[in-house]
């Protein structure tokens, strides 16, 4: 029987630990610094499966942890792994994957599991919607929303905005994606040609991991617009210009962990089970 | 030209004041205690239209105000009104309406304006959705949602939940309402027969201003359920039992003022204009 | 045990007969003239429940029948009924109801059963959509659709058109209905003020049992428009003017019987059972 | 200025000809055999752009034509083309494309234009829905629908069925496609594992160009099911077995030409303009 050790992370780890236990697995979770008797060395020795957080790290030195913890140094932890271990984590850095390969350690990145990332778009979309409703003093209903990009996250989000009766325009670089967006009911605009209509939008949801909204475009916006940026940090919006222009804009990272840690943990659990069997 | 005086209330008053000014009306807003030179007597004398807050009062002594203010006593303010005044407000108490009638003061309650209340259901629905996403660690997507009642608020909310891919069941006392709910795609259950399926729901949205969820029903719920109560205070859920059972439940009042003060103010503005002309 | 006699009508009667039989009831159906040994007198004598068609009659002389039949004279049939009989039918004329009352015959009109009529709107809406797709050489997707009225049929239809990504405008006389329509995402226009926007619509779905579309409005239409009239005969469109103007227009009556006789029969069955018990 | 010659085909050619003329282009259409003075040789000589039908051919001998015509032999027509010609058509056979390339004739296949094919899925979906409503005596509303495949056509169709309140399950070979389908609200089932749930469906929409529904699966179906096959001929259903089992099944080809020739012609026009410029 597998024994799971969960290290750091956010509340998804807590839910994941509960789900594993509920399915009969032995689990140990090291999530905050309360248990002073915890020994990383013994814990790694006595567990065959290590569940690293999402993301694996933010500072490139320690595992990411929502709680302050001082024993999550990446170097030390890696040195304790052996070919008997199987590890999972999110957005694992290339050098860690390389280290695992070289040392015969089975290593799975949640972000490489297509069905995990697709299912995660749901929690991201719901979180982005909650953020937009909170941040703006206006309703989404019948508002004009721009969604940049039409990848997995953008599709789920655009459909849910439409489900809330928003009027959604999709901007993308790719003609085929725009035609697809049009075929499921969205208005479309080429990403390179957004400026003329920039002033029309009440909400902008940005999903492309690239700096798209620079000063020029921001100055063309309706000053009452609300921008929700869900692209990876540092996002795709010049927030400094937004501040100067008094435009509401928020970089929203890690939405699944904030808004749907339990559902997210269930998705991770399914991904883990599938890859272990 | 009408001159508007706005007294107390929440940020909807601030937005309403701006909209009136933007449409060329003279407005004075008395929203917090910063302006020490403000004289209620002079203000009421020099303005023909008084916009009271929503709700008119919470404590039955002073006008409702989100900011601490000490010159909003209802008795004093009423005594200053004359037949030259026209007043607007939300949920105005019967005795105030009576006083206005007796004294020849034109008095309009936003809550009696059908189109204002119907449009307000949108902001309420979006706010309820944001609250549900925040409160629950699970997604609305494909969750089982119960909406009690099928009045104006419930309809708008149920349709938006469906737009987010939730599986919505409507509970109502009235067979015709249930048939109507069924014809637009909802599952239905008689309000008096909810107990057998009570354990199935992930979310419960309560819109009926009556105590429906007492101990008996609460004990039949899935312990992981999330309850959002948007019925008027004191709501329709025994929150004490929820606390004992460790069930997530929140009474959410005044959602339009919290989540969409600008859109709400635009709706009030339209209602005011319509009734003045 | 009840014995059912079904007389005349369209294929709903055939399906209804099968459903009754499938539920263990004895049924006799007199639907076409094939069985030359059929005696109306004996049939009515030996069955306690008579299921008349929908509508009860079209010519006011005989029961309505999709098949040519010559023994369905209303006068004769009524004279055979006794207080032991219970009768059901759709749109039963007032004088027949009066006759039943006077003679102690229990008489139920499907059209007076709120849940039957509400459920029937679904089949009507689907039929109207199929007719529109067939009649027009254009797509409903992203087309501009006008739905006149916002009663039961109109609501179901408008929501389904929206579900197909049509851009739906609702026209109604009543401000409250328009506010309600707006709150669930439709554009709205007062019925009395349709002319200025008349030229914008690609499809018009008419649900109001009154002559609304006369020459004046028809001449303001886009000549490529497609009109589907689902109001009761003779409908609410001047079809002669449409013909002259070469405008596609079709009066669509009895859509549930044409497009969904089985689902319709199930709904009738539920209505019958509810009223018998 | 380009001169367009349209040969054979269905009513899309008639609408396309009108749209071209409406945009100021000279066009000649050879659509039926009424004009006995028509000379193919002169027509091809005097027009630089030839618009072949969709599909290019059905019998591999003559161009496809909905009307009986005897001068559409492919060999003769090809021999009249010169490097001055540009040709368009749908599903052009490989050998014709090869011939064009060898002889310096610019040749565009509509089916290779991604945005044309994506937009065409809309008319296909609406046509499939109309066919389903007509063929089945039941409603789509709340029915259980299976959509096989999750390519372009299937996606558009599945979303529209959901918009009509059908309960849609998507079957596909590919896990990623299934996760995507799940993320936008559909139930999913692996294509290889459909048998256990086969009996649940009221409607089956088949979009995969392969024989999937053979005797074994058909015998597991609900006998009241309605099958709409929109995969390319000969379709993916054993229609002979369906007939024996008395199961409603219809192969529906060329739906855009039947249900939306005008919208389809507009899409072709956009594709032509884009490729000419």
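Read from first to last, the chains carry the letters A, B, C and D; within each, the first residue is number 1.
Here is the rule we go by: a residue touches a chain if its C-beta (ideal position, glycine included) is under 8 Å from a C-beta of that chain, and two chains touch if they have at least 3 such contacts.
Bear in mind the structure is a predicted one, so any value in this text is a computation, not a measurement.
Trainee: From chain B, count the fewest steps through touching chains until chain D is reached.
Mentor: 1
Trainee: Let me spell it out: compute each chain's centre from its C-alpha atoms, then which one is farthest from chain A's centre?
Mentor: It is C.
Trainee: Count the C-beta contact pairs for A-B and for A-C, then tell me which is higher.
Mentor: A-B
Trainee: Between chain B and chain C, what distance separates the C-alpha centroids? Give it in angstrom.
Mentor: Chain centres of chain B and chain C, defined by C-alpha means, are spaced 39 Å apart.
Trainee: Take the average of all CA coordinates in chain A, do the same for chain B, and state the distance between these two points in whole angstrom.
Mentor: Once rounded, the distance between the two centres reads 34 Å.
Trainee: Report, in whole Å, the distance between the mean C-alpha point of chain A and the mean C-alpha point of chain C.
Mentor: 51
Trainee: Any chance you could list the residues of chain B touching two or more other chains?
Mentor: 122, 141, 165, 184-185
Trainee: Okay, in this complex, where on chain A does chain D touch?
Mentor: The contact residues of chain A facing chain D are 114-115, 118-119, 121-122, 152, 155-156, 159, 175-176, 178-180, 182-185.
Trainee: Given the complex with chain D, which residues does chain B contribute to the contact?
Mentor: My answer: residues 141-142, 165, 184-185.
Trainee: Going by the contact rule at the top, pick out the chain B residues touching chain A in the complex.
Mentor: Listed in rising order, the residues are 11, 15, 122-123, 126-127, 129-130, 133-134, 136-141, 160, 162-165, 259-263.
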